[in-house]
Each structure stands twice: as C-alpha cells, then as structure tokens.
Amino acid sequence: MQTALKDVLPDQDVPYYQSTGNEQQLFETAWQQHLPLLLKGPTGCGKTRFVSHMAAKLGVPLYTVSCHDDLTAADMTGRYLIKGGETVWVDGPLTRAVRHGGICYLDEVVEARKDVTVVLHPLTDDRRLLPLDRTGELLEAPANFMLVVSYNPGYQNLLKQLKPSTRQRFLAVEFDFPDAETEKAVIMRETGIDVERAALLVRIAGNIRKLTGIDLEEAVSTRLLVYCATLLMANVAFDDAINAAIIEPLSDDADIKSGLREAIGIIRG
Amino acid sequence: MQTALKDVLPDQDVPYYQSTGNEQQLFETAWQQHLPLLLKGPTGCGKTRFVSHMAAKLGVPLYTVSCHDDLTAADMTGRYLIKGGETVWVDGPLTRAVRHGGICYLDEVVEARKDVTVVLHPLTDDRRLLPLDRTGELLEAPANFMLVVSYNPGYQNLLKQLKPSTRQRFLAVEFDFPDAETEKAVIMRETGIDVERAALLVRIAGNIRKLTGIDLEEAVSTRLLVYCATLLMANVAFDDAINAAIIEPLSDDADIKSGLREAIGIIRG
Amino acid sequence: MQTALKDVLPDQDVPYYQSTGNEQQLFETAWQQHLPLLLKGPTGCGKTRFVSHMAAKLGVPLYTVSCHDDLTAADMTGRYLIKGGETVWVDGPLTRAVRHGGICYLDEVVEARKDVTVVLHPLTDDRRLLPLDRTGELLEAPANFMLVVSYNPGYQNLLKQLKPSTRQRFLAVEFDFPDAETEKAVIMRETGIDVERAALLVRIAGNIRKLTGIDLEEAVSTRLLVYCATLLMANVAFDDAINAAIIEPLSDDADIKSGLREAIGIIRG
Amino acid sequence: MQTALKDVLPDQDVPYYQSTGNEQQLFETAWQQHLPLLLKGPTGCGKTRFVSHMAAKLGVPLYTVSCHDDLTAADMTGRYLIKGGETVWVDGPLTRAVRHGGICYLDEVVEARKDVTVVLHPLTDDRRLLPLDRTGELLEAPANFMLVVSYNPGYQNLLKQLKPSTRQRFLAVEFDFPDAETEKAVIMRETGIDVERAALLVRIAGNIRKLTGIDLEEAVSTRLLVYCATLLMANVAFDDAINAAIIEPLSDDADIKSGLREAIGIIRG
Amino acid sequence: MQTALKDVLPDQDVPYYQSTGNEQQLFETAWQQHLPLLLKGPTGCGKTRFVSHMAAKLGVPLYTVSCHDDLTAADMTGRYLIKGGETVWVDGPLTRAVRHGGICYLDEVVEARKDVTVVLHPLTDDRRLLPLDRTGELLEAPANFMLVVSYNPGYQNLLKQLKPSTRQRFLAVEFDFPDAETEKAVIMRETGIDVERAALLVRIAGNIRKLTGIDLEEAVSTRLLVYCATLLMANVAFDDAINAAIIEPLSDDADIKSGLREAIGIIRG
Amino acid sequence: MQTALKDVLPDQDVPYYQSTGNEQQLFETAWQQHLPLLLKGPTGCGKTRFVSHMAAKLGVPLYTVSCHDDLTAADMTGRYLIKGGETVWVDGPLTRAVRHGGICYLDEVVEARKDVTVVLHPLTDDRRLLPLDRTGELLEAPANFMLVVSYNPGYQNLLKQLKPSTRQRFLAVEFDFPDAETEKAVIMRETGIDVERAALLVRIAGNIRKLTGIDLEEAVSTRLLVYCATLLMANVAFDDAINAAIIEPLSDDADIKSGLREAIGIIRG
C-alpha cells in the first residue's frame, strides 16, 4: 500500500478528462514555452482532474500541494530532519519537481502563507531558479519542469489575494462547470447510471447553479452529482439521495434547504 | 488499565443505538462505495454514539479525534518523536486508520485548524491518498477505511466554517434529538428508571427545546436527561436533580434559570 | 520541605468545611455514579475548600490545576522531557489522577485554552477514557477517579465560555457566600477573634455584597474577612485593618473607597 | 563585580527609608502572619525602596522581579537548561525565595502574563505551596518566605488588571508621594544640596503634581527631584537642570513643556 | 543543474537592459560613492532586470532577496544549523554579499519584517558595518559591496511602509514602464515577433495602463506583453492569447474583463 | 575585514561632532554622576553621531543597538548557544557593556519589545545592577558604564511609548537640526563642496522643514543634504541630484513631489 512518492503518478493510465475549450492547447504551449500557468474556477469544476490528465499525457510526475493558512515556504522547498542521529535534508514537493522534473501543482494557492509566493517568483522569471538558502544550492529548473497554480475567484477576500506582482507572472485560464452534455456523459461514465436519471441530475444542477451568489455560497459541483448517482445505483431512494448528496452538503439553513427541495420537486414534475 | 489503542474498540460489544431514520442505510452505502460522510446536528443528539455503533457493527476499529482550535495536521498524521535517543515516527490517529483500516471520526471538525482540512482533501478524492511529506510515504487508503466528520450547525460562526470546497467532498446527514418514545426508551435502558418519571423528563426536555435559540444557546441533551434520572435513582430529591442535571448545566442567568424552574413546575402539575 | 506530589494530600486531616446546602450529597452521588461535576460561584466562596474537604473525606488524592490563558492540553496530560540524556515521559496532573486514581480539580476552567476542554470530553463519556497520543496509551479511568471543574459566572465574557457541548457533560452546583451564622463561625474558628467583632465584620460584608455589580466588580470574600480579623488580633487599629484587608483589595477608585469607608462607619455606629 | 544572587542583598546596610504612615506595621504583621502583601501607588513614590528597607531590616534576601508583557510562569519558577551536555534544572527567583526563604517582590505585577498569577494562587492559600510540575516537586514555603506585589493604579487598563480572584488574596497598602518635609529631607540627604534649593524643588514638584491627569500622564517623582539636585550640585545652570531632569522626562509636547517652564518661573519668583 | 550560489551570477553575459533615463549614471555614482540605492516603481517595469544588468556590467555577484511577511533578520544575516552532529554557521545572502563583496538586492523591502530594516541601518551609515551578534563578528563592508532595495509605491499601506528614518538613508530613483518604442523593441527582441503585432500589443498596453487605479489594481506589465507575443508565435489565436496573457492575469471581475475585451477590439479596429 | 566587537570602536579617532547647545556638559555630568541619559529628536539630526563622539572622547567602547519590534531582552543580555557540542553563554551587547565597561546606546528604544525596558530598570536604579537569571549572575555596573537611549517623539504612537515609570529614570535632552551655519559647515566638511552650493542646499532644507507635519511625515535630514552634495561633486546634474537625494527619499506622492520641485525652483531663483 506504500509506494515511493515520485514514481506513483506517471505509472498510471491517463485519467479521463473531457475538454471544454482551448485549455489543452494553452497548457501545451505553456509547457513548451516554459511559462507558468494559473487556473481559475469554482470548486469541483475539474481543475485538478485537468492537471492530472495533462501530467499523465505528457508522461511526467505530478506533485500536488493543497495550500492552506499554515503552509510555509519550507513545506514547499524542504527542511532538515533528524533521522537516526543524522541531520538529513528532505526535499519538499516543489524541490522534488525542480530537481527531478515534473509538474508542481499548487491548489488554492491564495490560501498559502505569503512566503510561499516569494519562493515562486524566481521560478517564474526567465532563468527559472529555485534558491535553497538552507542547503546553499541554487537549482535551475530543467526543461520538463512546469509550475501550475489554481484558485477559486468566487470566494477570495481582501486578505487573501494573489498580489498583482505574482499574478502577472502567469498565463491564466478560466474554468467553469462542463456543459450539460459533457456533464451527463461524465456522470454516466463514473457511475453507470442510465441516461434519463443522469439528464435529470444535470437539469437539477443547472437550476441550482442559477441560485449561486444569491442564497448559496457556491454551486453544486459535478462531484456531488456523481455522489448522488452512486447512491441511486446503490438503491437509495431518490429523495434520500438528493438530500444526502446535494441538499445537505450545500447548506445548513432550513429555509434554503426547503427551497431547494421545492425547486427540485418542480423539475422532476 | 492500559490497552493498545488500535485493538481496544472492535473488541467490545456493539453499543446500543436507536435508529431514527435512514442514517444506517446511508452510512452503509457510503462505507461500501468508499465515500466520506458528514454528520450535522446539535450537541448530545447521538452522533458520536451512532459512529461507535456502526464501527462495532462493521467490526472495524474507530479512531475518534475531538477537534479544537489548536489541532494541526501533524496531530492527525503523526510526527517524529525522540525516544531513547532514537528519532521514531509515531502515526497520528488518521494515519493509523489509513494504514491499518478502520473509521476515522473527526468530531466538531470546524474547530480544527485550516491545515487539517487540507489533509482530508486527497483522502476524499477517488484515489483516496494520504501523502506523508515528513516520511516521504504516499499511503493509499484500504477498502476498509472510511472518513466521517461532524459539526453542529447551531453555533458555527463566520470564522469557523467548512469551506464549500471541503463540504462538497462529503455525503451529509442531518441529526436531531430522538423522538419522545425513543428518548424515553433510552433513559429507561441506561438508568433503570420507571416509565412515568422517564416520560416526565422527556416532556420537560420537549418544552425546554422549544425555547432554544431564544434564551438558551443550546437545547437540553438526552445525556442530561440520563444524568437527571441517575440522580433520581440515587435518591436525590426531584428539584435538586432537575437543578443539578438540567437547570445549572444549561444557564448561568438567574432570570432564565427561574423561568426554567417555573416552566418545569407547570409541566409537573 | 519537599514531598512527593501524589502522596501529600490524602495524608492530612480533613480540612474544615461548613456545608451550606445539598452540595455534599450531590458530590457523593456524582462520585458513586462516576459523573463529572461543575462548581459555579464567586471568588473566595469556598469552592476550592469544598473540593479539598471532599477529597480528604473520601481518602483520595487531589490534583488541583489553576487554569489560565496559556494552559494547554500538554500541561494537563504530560510531556516528554529530556533528563540525563534520556527522554522520559512525565505525566501531567490529569494523567496522574487517571493513572493512580483521585480527584482532578480544574479551577477556573474557562480560562484554559481550547484544547484542554477537548481532553476532558472522552473522560466525561461513559467509557471515561484518556487517550495519550504521544505515548500511544489509552487510559481508562479507574472507579476512584473523578473530574471536578469550576468557574465564576460573574466575570465570564463572550470569548471565554464553556461551550454547551462541554457544559452538558457535567452535573452542576451553584455556590454562594455562606450565611451570616456560618461565616461568623468560620472567622472565629480561623482567627480566634471574639464573637462581637466577627459579627461586625459579617455585617460589613453583607452590606458591601449588596453593592456588587453596581460599583464593585466582585464582592468581599470570606477570606478577606479572615485577613481583617487576623490584623485585628495582631493589634492593628480597626480602621487600618479594614483599609488594608477590605477597602484597598476591593477597589482603586478614590470615590468608591471613600463610599465604602462611609458605609462601614455607619454600620459601626 | 559578580556575586551569587541569593547572598548579595542581606549583606548590605539597611537602605534609608522615610516612613509615611502605618506601612511598616502592616508589613511586619503580614510577615508574622504569613500573609501576602500588595503595594499600590504611582511611579517613583518609594515602593521598591520600602521593600528593600524591610527586607534588610528583617535580615532576609530580597528577590525582585520587574514584570512585563512577556514574563511567564517559567521565568518565575525555573526551567531546565542544557549545560555541559547535562540537563539541569535552574530555579527562577520565586522558587529560590520559596526554597531558601526570603521576600519575593513582583514589581508592576499587572504587566506579567496571566499564567504568572496562577503560580501565585497556591502560594497565597493558607498552605502556601509552590507546585513545580516540571520537576515533580511540591514546595511548601518556609516561615521566612513572603510574597509582595505592586502596581500603579494610575495607568491600569482593561486588558491588564489583577483579577478580583487574585486581588482578594492580598493585604493591600496604598502609597503616595512623601509630604513636603520628608521629600525635602530625602533630596538633601541624597545629594547634599542646601535647604533653600531643596525646598524650591519640592514646591515645584507640588505644583506640577496638581496638573497630573489633566495634561501630564504621571506626576514628577522624587527620583527626578534628586536628579535635578544632582545636576545643580554639578554646576549645571538652574534652567538647564530643570529642563533635563524635570521638563523633558515628563513630556514631549511643546505646549505642555512651555506651560511647565512658565509655571516654574512663577514659583521661582 | 546545481551550482554554488556565489559564483553563478557574474559568470553570465550582461542581461539586456534598455535604459530609460539617468538611472545608470545614478547607480554608478552610488556604487562609486558607496551610497545605498532605493528603486521605486510598479510591478514588471524592469527594476529587477536593471539590477541584474548593472551587477553583470560591474562584474560583481548579485544576491537577490524577495521580501515577504515572514522574512526575518536571521534570514538575511544567517543562522546556526546542525549538520552531521556539528553546529555550523551558515551565512545569509546579506552576509555573503558583505563578506565577499557584491550587490545585495532586497526586492519589495517593505514586505519584510521590521527587524530586517534594523540590520540595514548600520550598513547605510558611513562606516558600513554589519554586526553579527550570534557569531560575535563585526563585518565592515568592502569597497565592492552595495545595497539596493526596491518597492512598489502603488500598493503600500499604512502598516507596511518604510519608516522615514530608513528611507532617508537611501538615494532614490523612480521607475516607470518603458516608452512605446523601447517596449516594442523589447517584445520583438524577446520573442522574435513582427513589428506590426509588437506595435499593436504596445498600443493595447498603453490604453489599459490609462485605466489603472480606476478599475485595475495594477497596469499590464511588459512581461505580460512578452507572454502574449510568445503565445502568438506558438500559433495560439489572437483572442485566446490576449485572454490568457492579458485579460485573465489582470482581473477576476466579469464586467472589467468584458470592458477590457471591448477596448482591445476597438484598438484592433 | 573582521575585528572583535569590543575593541573596534575606541581605537578610532574622535568622530567630528558640531555642538549645538549644552548637550556635551549634560552628557559629561550624567557620565560622572552615573545617571542614564535619554536623547529625543528627529531622524538624522545627529543623535547617533553625538553618542559616537562622546564615547570616543571619553575613550570607552560604544555598544549600539538599533531597536525594533522583535528585539527582546535576550537580544540585549545574551543567550546560550550550542557551539561544537558545548552549550556556551554568549553575552549580548548590554551585558558586554556592563561586564567590561562602556556606553550602551539603544537607538529608537520605543520600538523594542516591552521586556527590554524591564532589563533597563535595575540598571537605572542607584545600585545599577544587571541580573542574568539564565546564568545566575548579578552584575554590578562598573563606574565607566553608561546607558543612553533615544527616540523620535515625532512619530510615536499610543502602542509604542516609553512608560512614565521608565522615562522618569533618565535625564533627557532634546535635539533638533543644526542651525544654518553649522549645517553648511558639516556639508562642506563631509563632501568638499563649495560654500555657495552648500548654502543653497541649507536654504532648500530650511524651506522644506517648514512643511513637515503638513505634507511630509518627516523633514529632510542633514544626511540627505550630504548625499545631494556628494552627487553634485560626482557631476550629477543639479535637478537629478535634488531628485535622487531629496525629493524621492521624502515622498511617493506625485503632487507633493511636484510641489517640492516648484518650491526648490523658486529658492534657486
């Protein structure tokens, strides 16, 4: 059940990804031209899946880092650990990607602490350097290194924004939910559900997404539709499945929840 | 009086749990489909008991973590400790559950620090991975691993909420207090009290729960009713038992407390 | 002058405690039924003395922890210390009480950091467990373990409150100052002062306590009356004793202090 | 130039202290009765000198701790230090006073962190204990131990106050500046200045002190008068001495400073 | 791929830099007169490139530090690290520059923590000293040491400003975007694009820059124009290139983005 | 390039300092009488130079500490460091000055953390002690020790002020910019510039200083005038020199900068 980190990802098959625009061409151009890439879009719209797909297609390892409030530069670059009485340097995921090649993907990069962005700056200059002050090394990124970051513009706040001096170092692509046909295909492929119920779930999602920003902090994701179809395939009753996979994950507010139930009832007819 | 952590829980009998809806079917479906589960509901309504019950029924160890302001990712995944001059890695409860199988239950997950949620993300993706940067391991969760989290929507605040990008990774079930018949049965079973006094306590609880949100921050729990019945069975006078097990635990405000006493007097007739 | 921590307390005589209600019956019932207990009441009203009294009467050691802003879970449970080149685990007071039996008393529990409350949760469940993640132990509290906590509802604030999910795990008793007869007896017993002057001090205290919440943050405690009687017995002049033991400890405000002096002059006649 | 901490103070002569009320009797009674003492009063009014005087008179060492924002309980009680490869426990000043006898004086105690007050609580109970969790010791204070604390009620704020539960553990004495005759004698004794100029300085101070709270945060201290007399004795011109020792130390505001200069000019006539 | 830090930079060719005023003369005078220099200007206007150019031209190593919220004095001066059981001192970039000569460049210096500025003060005095308290050394900067700092006055805030006592220690130069001819030449030189499209991109940038401060936090940089030209040279469609390299990196706001697209459409004609 | 800290300063010549009042007499009296000294005044008015001058004149080493937000008592007094497997105590600059004699100068003392002031208190009492709790030493300052602190009253804020209890321990002197003749002499002496241009720079400074507090946070310092003269002597054009050495270091605001340029143009005539 345990495998070495750097080997695990390129060994696998290319994960399924349904393209929705020119994002593949842009990714490939960025890859060839050694430019860093920024993906913007809502939760669960497929940004992570897209990066996995591209990494597998290009045959390079993928180092994913989910950013958070306490993520520091050292978590990215590495640190000295004491092992068996010896002090050994352990590369962080960014350093591993720079040293051995591969894509380093920082998910929700705006959540990371400020010193992380600074580590990224010299990597996004034309010389693509990663200075490791602690080891005294100055690594130059190889041709098969690429930096990808993402965030969700929907719930940024003033305290957590990418500074313009950082943003302007990236090519940027905006993502959105897949169109109805694509989303239906994804649900059927992932759960084996029939086309009628898949279409119904996509219609329900379309209606809920129109409410986002008014009552709901964020729209229902394709992932939740897949959860819902999974419950239906396990013989959970339709209302129970909708409740557990869509209504309850979206809100704690009794009024909003009954509003959602009503709206879904109308769609079912 | 000391037993190894990982063995203690599955050895025991299945703890008593009175079902109140379809929560058992949903839990079992989530278990079979390898989906993470979110339990929402007020204090003392039985969420923790429910998880213990399901773990024992499924015959798997349960790793419970009560989350709080200072709980970090390292508390969940593990850390290096110096023991007898040697640096040894000690798994945290989440890593133990992933490495050896079992249910990991994070109670009041919104209280944890932000880096904890990030550890949960790759475990709720379809590949169910737990990367341990410090040891260089990438653990894949076995089939008999399940992640369950809970929180109380009643006193969430703006600073402490599950981000939509986290919530939408879970199936969710809402809990409430048991209905009167169920609650009466629980009290009698736990304390041996007679049906009349059990029914009286449940009626009192029903009336107090209607006041919640107006004067009381939270409703009286089944646990407090059990405490009260315990005192009565130990020959504590009725008013003293109500006072020590219900009134004083609910409020410090003299007006609210005398209002509660008055309301209870009316119920007793 | 140095004695081992765990032995010192049960060896001594039962400290004098003048009962003021049913608190002894409730404490004993909680002890027998293995329920945790919460004591509420103002400074210096005798909560700590009551717990000492009960511990000595029950013949079990008492582990008192005065809680504060910087008290963490590790201060309660223990930590690894480096001694003579060896890393040794040193139990904290809570762990000592759980491992060897006894009463663990957390004074002003609302002052402690949030992670402390979490340590208390599994100890207040019916299985009464204390998990020590750092040592990998799961301690089960013996029959002669009891958890007692206290706080002063008079100066709680919004940032420092016991969460309902914690409060509802305790039986609760409210304390107040002793009645005049009891208080007079206490002062005479502790200082050897005559009944007239003891009665005068109690009358003075009664009048000052009526002002609490208006001008004074908190009422004069029995302890201060004992201090005052001690000074009188050491031949300090009456006004000087009142000043040093009552007026100055209660307030820094010149107006309030002269108001108190005037009120006391009237009582003396 | 280096002497052992615990020996230095009792060896010296009793420092000069001019009594201003019954503070010596109260100190001695508190010493005999083993009661802790709280000194309240403005900067530079002689609190520290008073404690030095009493310590020398009683022939016991004095351990002074100037409290501040970052002073923790460990700074008071002690900590483990690594010396020459060995971990050795080093007593803090409070522990030294408890272990070997003496007066421990906490100057400006309200400035200390909250955990310090908690260390003081068991020492102010009738059993006078100092528990050292780190070493596992429970020290009982000897008969010749006394705890003295001080603060300046003039610039307390809401965030930094002694909690009533702490204040009510101390006998309290209020200090103020010495009367004119006493102050004149002090200045002459410390600097050898003639009676006329000493009297003039005291008159100036008296006038400035009436302004305190209106324009000046705090009144001129006896210490500054001594500084001023020292400059005069070193042949600094009168205006320059007043400026350097009184005006500039009291304020940065040009208007206040010229107001003070004018007022002093009138007094000089 | 790994080279020693101090050698890497002077080995390379002089990076291309198109002068826009008297900044080269000022830099050289500052270098000869041993005066520190402050560069002010917006993101991506060429400050960093300018410093690289001057360092290479002067034939001295360049030590660049990107400042951030968590950058401390020790990150600049160095620290003790434990390597192979030995404690060794590792110079930080500032110390390396002072010890061996070279230019130390602090990019976005206002982001650094306050203790960093203090380290700079003695280096900007006429004796140019760097005291290293930890090692007990007092380094005197050699003739070929120079300190350069920069910041962007466009988004300073009240909490993050260079104190006047720091600012007044530097000669200062203001930078702005290059004029149209210069910028066109830069784009053509870096990407090989034809003059027509380069001119169009510069016209687009000129129009967008007029909007800065109204709708856009910061203007489009020359870097983004180069990215855009790179995409065009890789056969990405014009609209897609403008979108990925200019529109999306500048804003997340749908209205602003469509306004920008409209404005660009008009320019293209 | 490396010299031992304690020897470097007294070896040098006495730095040039142009007296502006009775500050030298006051410093010398404070030195003879063992009184601590506080220097108040704006940035760049010569406080630091004055202290260097006096230290050299008195033939004692000078230990300068630039205070900042993160400066702690340990930075002043010293700490244990691990060197070559041994734990050794390393004196901080204050301890070095107390142990070996000399002047310890804390520049911008209000910036330091609160625990620093506390270290200063016993050194400003008449016994002049420095207790080192970590080493168990109690150092008595020798006759040739003096404590000097400074701050700029111009930009103190409420959070960062010297407490009255600290201020009243110092003699205080206020500094201001030198008068026109003195300043002209300084500029000519430092740069060799002719009297006409020196006089012009001083006239410009005089006019700008009248604006301080209205538009400018702080006035132009003598240091900047010296920088400007240095540029002129290096053949930088007058407008460029004024811009780089005066206008840009003083402000980022375009309106203020053009106002300054206009005002300077009028002065030049």
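Chains: A, B, C, D, E and F, in written order; residue numbering restarts at 1 for each.
Keep in mind that, in the parts below, a contact is a pair of C-beta atoms (placed from the backbone, for glycine too) under 8 Å apart; a residue touches a chain by one contact, two chains touch by 3 or more.
Small disclaimer: the values here were computed from a predicted structure and weren't measured.
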| item | value |
| --- | --- |
| Set of chains whose contacts include both chain E and chain C | none |
| Most remote chain, CA-based centroid, reference being chain C | E |
| Per Cα centroids, the chain farthest from chain A | D |
| Angular offset of chain C relative to chain D [C-alpha, multiple of 5 degrees] | 60 |
| Copy pair chain B, chain C: interface residue numbering same or different (half cut) | different |
| Between chain B and chain D, centroid-to-centroid distance (C-alpha), Å | 53 |
| Distance between the centres, which are taken as Cα means, of chain F and chain D, whole angstrom | 30 |
| Residues of chain E whose C-beta touches two or more other chains | 82, 85 |
| Starting from chain E, with chain F taken as the next chain, the full ring order | E, F, D, C, B, A |
| Residue ranges of chain A touching chain B (in the complex, touch as defined) | 1-5, 8, 43-44, 48, 64, 66-71, 75, 81-85, 90, 92-93, 107-108, 111, 152, 155, 217-218, 220-221, 223-224, 227, 230-231, 234, 236-237, 240, 244-245, 248-250, 252 |
| Touching residues on chain C, where the partner in the complex is chain B | 22, 25-26, 29, 32-33, 35, 38, 40, 72-73, 80, 82, 85-87, 99, 113-115, 117-118, 121-122, 125, 131, 133-134, 136-140, 142, 153, 156, 163-165, 167-174 |
